[in-house]
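The structure is given below, and queries will be raised subsequently.
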Amino acid sequence: MNFALDDDHRLLKDSAQTFLDEQISLKPLITPGATVRDANYADNWVKIAQMGWQGLLIPETYGGAGLSCLDLVMIVEELGRTLAPSPFLGSLLGTLAVIKGGDARQKERVLTRVAAGELTLALALAEDGGREDGPDKARAMQVGGVWRITGEKAFVIDAAEAQTLVVAAADEGGNRQFFLVEAGQSQVQVAIQPWRDVTRQVCTLSLDGAAAEPLAGDPGDVWPWVRDRALLALSAENAAGLRHVLDITAKYARERVAFGRPIGAYQAIKHALADMLGQAECARTSVLYAAWALAQEDPRAPLAAAMAKAYSSDAYVEAAHRSIQIFGAIGFTWEMPNHLYLKRARGNAELFGAAREHRERVIDLARAELA
Amino acid sequence: MDFELPGEDDPRRVEVRAWFEARPRPTGRQLAEAGYATPHWPKPWGLEAGPELQLIIDEEMKRAQVSAPNLVNPVAINNCAQSLLTHGTPAQRERFLMPAIAGEEIWCMLFSEPAGGSDLGSLRTIARREGDHYVVNGQKIWTSLAHKSKIGVLVARTDPSAPKHAGLSQFLIDIDSPGVTVRPIIDLSGHENEYNEVFLQDVIVPADRLVGQEGEGWAISMRQLQTERVALSKPGAIWGAGPSARELVAGLDKIGALTDPLVRDEAAKLYIEGEVLRLLAYRSLSDRMNAKAPGPEGAIRKMLAAPHGQRVVELAKRVQGLSGMLEAEQPFPPTPGRKGLYDDWDYAFWFSPAVTLGVGTQEILKNVVGERMLGMPREYDPSAVGPWNETHGGTEPAKAAAKAEAGA
Amino acid sequence: MNFALDDDHRLLKDSAQTFLDEQISLKPLITPGATVRDANYADNWVKIAQMGWQGLLIPETYGGAGLSCLDLVMIVEELGRTLAPSPFLGSLLGTLAVIKGGDARQKERVLTRVAAGELTLALALAEDGGREDGPDKARAMQVGGVWRITGEKAFVIDAAEAQTLVVAAADEGGNRQFFLVEAGQSQVQVAIQPWRDVTRQVCTLSLDGAAAEPLAGDPGDVWPWVRDRALLALSAENAAGLRHVLDITAKYARERVAFGRPIGAYQAIKHALADMLGQAECARTSVLYAAWALAQEDPRAPLAAAMAKAYSSDAYVEAAHRSIQIFGAIGFTWEMPNHLYLKRARGNAELFGAAREHRERVIDLARAELA
Amino acid sequence: MDFELPGEDDPRRVEVRAWFEARPRPTGRQLAEAGYATPHWPKPWGLEAGPELQLIIDEEMKRAQVSAPNLVNPVAINNCAQSLLTHGTPAQRERFLMPAIAGEEIWCMLFSEPAGGSDLGSLRTIARREGDHYVVNGQKIWTSLAHKSKIGVLVARTDPSAPKHAGLSQFLIDIDSPGVTVRPIIDLSGHENEYNEVFLQDVIVPADRLVGQEGEGWAISMRQLQTERVALSKPGAIWGAGPSARELVAGLDKIGALTDPLVRDEAAKLYIEGEVLRLLAYRSLSDRMNAKAPGPEGAIRKMLAAPHGQRVVELAKRVQGLSGMLEAEQPFPPTPGRKGLYDDWDYAFWFSPAVTLGVGTQEILKNVVGERMLGMPREYDPSAVGPWNETHGGTEPAKAAAKAEAGA
């Protein structure tokens, strides 16, 4: 048994940290009136592509790094700490769908270009109801041997940056299937939604008979596999964001003086920070365990991923709110970064299912475990 | 004991109602001259009204759809202007009171500073006496209405060598004076609310604008901040305004969310808290009616109401799911006739972190409650003794510092 | 509008306070190994009977004081503050049932003797399932013109002190009816249950064809009327117990020194006490409002009573637990009174329905109000 | 990174298992001589075992159903005896160590005092040197196992004129000495647990029972209290023992309570916390395996585990409804093979207020976490400077005071 990170994990994390601290800044977003359009999405993505993170999980056969979920967490934690805006998550989700659902030909065609930084993907699951797990009102049907999708998708992460979209739609049988859809065609309209977290792009898709190519794999296998990894990625963002919020707040509490003492000397603040540290430790532990279980394809992995998402999103929201309370009124202004973390926390809490929905799953999975 | 409010047939109510029916659109000046702007004040400005009459006037004004003077010019009428009754010179009363209560000159409070936060007494704005005037330099923050104001109630340090609380004085300054710059603050919702930063650079303030004596600034300001107007403060989520738990339950019912047992239970808790907070407000009103002096119960009420309000808007936000993250998306169909800034559920949610910060942070309120109502030992403030310019030497303006610290 | 207590209310409360502080002591119960049998139930009841509290709500026509629910609260608050052990509550519940359900003859026969202190009642509602609102497995049937009840009742407050029991049982139609049952007959067995709150007696009844006399009134009216007043009484105990727990804990925090300062100087303690005060104020306010509404027979009374019970029982349990935390380990020993308040709080939280059940009712009643 | 424990085929495990198979009922002395009582100690008492071997020995002992020496004599083996390795005289090691780790002489800790509470350093028990011995007078409280003990580890004040922490010394006293009275404490559940008050009246302690030097008592005691044994601490509700969230969920499932959505959600929260706490325990174990010095994470774990445990037993109690108030009434059918004191759900609930008090109150733990792990300023202790007999003059023994205050 060994909880310590291996050296290559640490190396990966350190390089990501240095890169992000040097290359990516939130300055343009803490200017009042800033929107996700000011987030330098494109430039940041170019820089990140040079780091090769887009190919992290892609098998080496397709030009990727062929790394594991644990390696992924090292990168995503740093992205979550810095809130570095880029289509990394959106493209990752699309990539996961193709890794699990694509046949050799599709993988060859799509993944090699993703790994090479020539292609960005996105994954369209939810619709206006806002549930990633369906049902899909968007319909896919074959017209003269060609599949065509008509319908509206929503809350699609980073769709405006993607050239190829992986779209979940209902086939004639009403069953969810995954399709590759070229974003460039005129039957596809992408619009950015006014998502409160301006560090993250979230879009609607309008598909009006858009040409689509079904992924070969069994859709019933694709969704849970992708979901668990999406939950891991969001949880890693949560745990690292929570830790960062704690760090800036603790620093502030050590230095900010009121009534002749640093505010961290007052138990109301000191104990709140202690609680935040407890939550940070728990969140990170749950993430590392889920990452390990997924990397092992351990049967406990779905339970571990659900636990990580349920725990980390509640804790992150609470900590981000506490940090504003401890900073005081100044932390409530747009010029301070605190609100960006609160909004990331709130958004992540809703993406891929709210904490209480995952607790429902935890109970079911736990009962199976205990039985 | 009786939980009912003064009835329809109450003669006082009848008289007030008649006045408003005779004047469908009264000017602020008319209201002030009738004594309806500050009924609890002495003549000629008020009616020396007891709490019950004040309440009737409030209600009849609402009924007549006349915007209440204390909402038009809250700082003057709710907090500051009355200090002139006790500390002002006859000339100051003559010059300032009527325009203030008539809403012709809006007032704002130049109290808080970036480096001060809850520790108001440590403020750094300096007013240096030069012959027949003072020269003011410093920075204020969280000033409501500064952009609409004619008069600023300024607390500044006139004696840096005195202990922090002893060296302060209060002035009434003209916001349009040279050297005064007002800059709006954008809150995390992206909205421009009514808050501002105010920069004061070599601002000339005539000596006759001093309120009371030099060194009385702390005492006068504290009294102004503690003044609690008699009113049926609604249990709205945002400092009494905005949506209440009743509207939450009604809204959840409309969208069918109450069928969810977890939402039901949470909503019921909030509904009960909301109703009790309503009763607590009634009670303090009733205490005034029984001529009990206002005590620190106001602090208890706010200590309870602020986090309650946050939970109310938070549950509404949570039931929205993903859609709740979209700007201006509302959880419920709007409540008819509610058009206030905070009646927007989405804005109220994003604004809500402020309610445990503004008007006394939650931590300070709990100190007040614990110390003044339960006799716990006061917090020890090493910076309260000795000359301010020695105890408050080196520190940077907090905002810049904070930004740096936050790595922004 | 006037929230202030009238002078006669204050007088009543003050006299109750003086009487209880002088006449009733918890000393025998804070001796390790003490049980409710050591609580001087009988002696205390004799003293209380001299105060006439047992006749408080009984109409003057039947020799009672004919007072209102507000007056009742003045007395019950003092009983809740001191935890004074006696069958007051049990007899009150039985009395309420007769006031609402008895015909003139029954009232004349029963209530006059109760008011005179010659008769003690109790009200048997729950069975082993532990719900006061039924259903009743105990069956009542007429045998040769005489009603006889067979079955087991449980959690009957103060039954061992009562000479006449008011028993809820199902008639031939399976509907709840209320019956007067003489405790003395051989077909009635009363046993004291090992209830953790040793200041309160809780019993089981075994009825084996016990002779019974039905109350004349419509049972459908009796139960909700009695329930709301029972909820008021329990809530008044809760609010006053909570306030007392706050008072002894605040006193301790002002005097107990650790690390050179009274522990009340530390924000962890100071703020916990502030929270307790907030809860105490809310609990009492909700009780006074419910008392007023019941005294007025106001239509909002059932909602007010449900709110008072739901709020006050959660708050009391939390405060009683906090007081042990603030007293520290010493507050955890049997020799200190803190645990008696924790146990009273826990017991009251379950009697006549847990907080969450009343919240269910609050939502239903509130929806009706708001509609 | 790897979350699995040392395997069945691990050669070290094989060897240890063989030893136990050869000795089905080993005596404490046999275990001690084999080094299995204190494997992490140097020879001749231990095996200089690393954490992984310690873990294997723990597990194999459990498997062989041999009661672990550290449970038989926890104070000696988990906390105090090892101090003799560094501070003890050769004679003391010879006299005390083997009987202690063999479980032939049970030890108890005479540390806490009624008036001291969390402020251990203020303790009032005095050890006055008289020739070749000390005379001890004072009172101790919360002494586990005192009634079963032969040896008491006593912290007493040898220099009342030194500052509170500087004047303390540690002794190994015989509990059967004249003047030692042990009185059990009954907790609020009515059970007699293992806690006692110990009264010390003119107790004679030979000078050779002093551990280390006079004045080293505070440093030695702190190290003993902070020693965290390498172990897979279970996430049981009561200091790691007793029912865990897993058993809660299993129990709720058995009685059908999980069909209730509110119970489901609460149970899921607790299950997740419980699993994470389990992992945190693994992690600190793994840190030791990587030779990381034990830090204050122990404080974080307890800060999280104690209220978690209270919530676990509280939910179990709540689902019982009225029946839960009946003594010894259990919410679930008992878990087979769980017979510990705290495995009784009902007792665990009534005992649970103690878990945020004992072994460091929740408030103290949060100070430790905030100060030592997040660099917050230390609490200011005005009584830490100056001679103890001046800083700690007047106060009464707390218990009597407390009783009076509580109006009991």
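Per-chain numbering from 1; labels A, B, C and D assigned in written order.
In this text, contacts are C-beta pairs under 8 Å (C-beta built on N, C-alpha and C of every residue); 3 or more make two chains touch, one makes a residue touch a chain.
Since the model is a prediction, treat every value here as computed from it, not as a measurement.
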item	value
Centroid comparison with chain A (C-alpha atoms), farthest chain	C
Pair joined by more contacting C-beta pairs (B-D or A-D)	A-D
Whole-Å gap between the CA centroids of chain A and chain C	54
Averaged-CA centre spacing for the pair chain D and chain B, given as whole angstrom	52
Separation of chain A from chain D, taking each centre as the mean of its C-alpha atoms, in whole Å	43
Between chain A and chain B, centroid-to-centroid distance (C-alpha), Å	41
Set of chain A residues in contact with two or more other chains	261, 266-269, 271, 356
Of all residues in chain D, the ones touching two or more other chains	262, 265, 363, 366, 379-380
Residues on chain D engaged by chain B in the complex (per definition of touch)	260-262, 265, 380
Interfacial residue positions of chain C with respect to chain B in the complex	1-6, 9, 70, 246, 250, 253-254, 261-262, 264-265, 267, 269-271, 273-275, 277-278, 281-282, 285-286, 288-289, 292-293, 307, 310-311, 356, 359-360, 362-363, 366-367, 370
Chain C - residues contacting chain A, complex	266-268, 271
Touching residues on chain B, where the partner in the complex is chain C	1-6, 52, 246, 249-250, 253, 258, 264-265, 267-269, 271-273, 275-277, 279-280, 282-283, 285-287, 289-290, 297, 300, 303-304, 363, 365-367, 369-371, 373-377, 379-380
Footprint of chain B on chain A - complex, ascending	26-27, 30, 32-33, 126, 128, 130-131, 154-155, 193-197, 202, 248, 251-252, 255-261, 266, 268-269, 321, 324-325, 327-339, 342-343, 346-347, 350-351, 354, 356
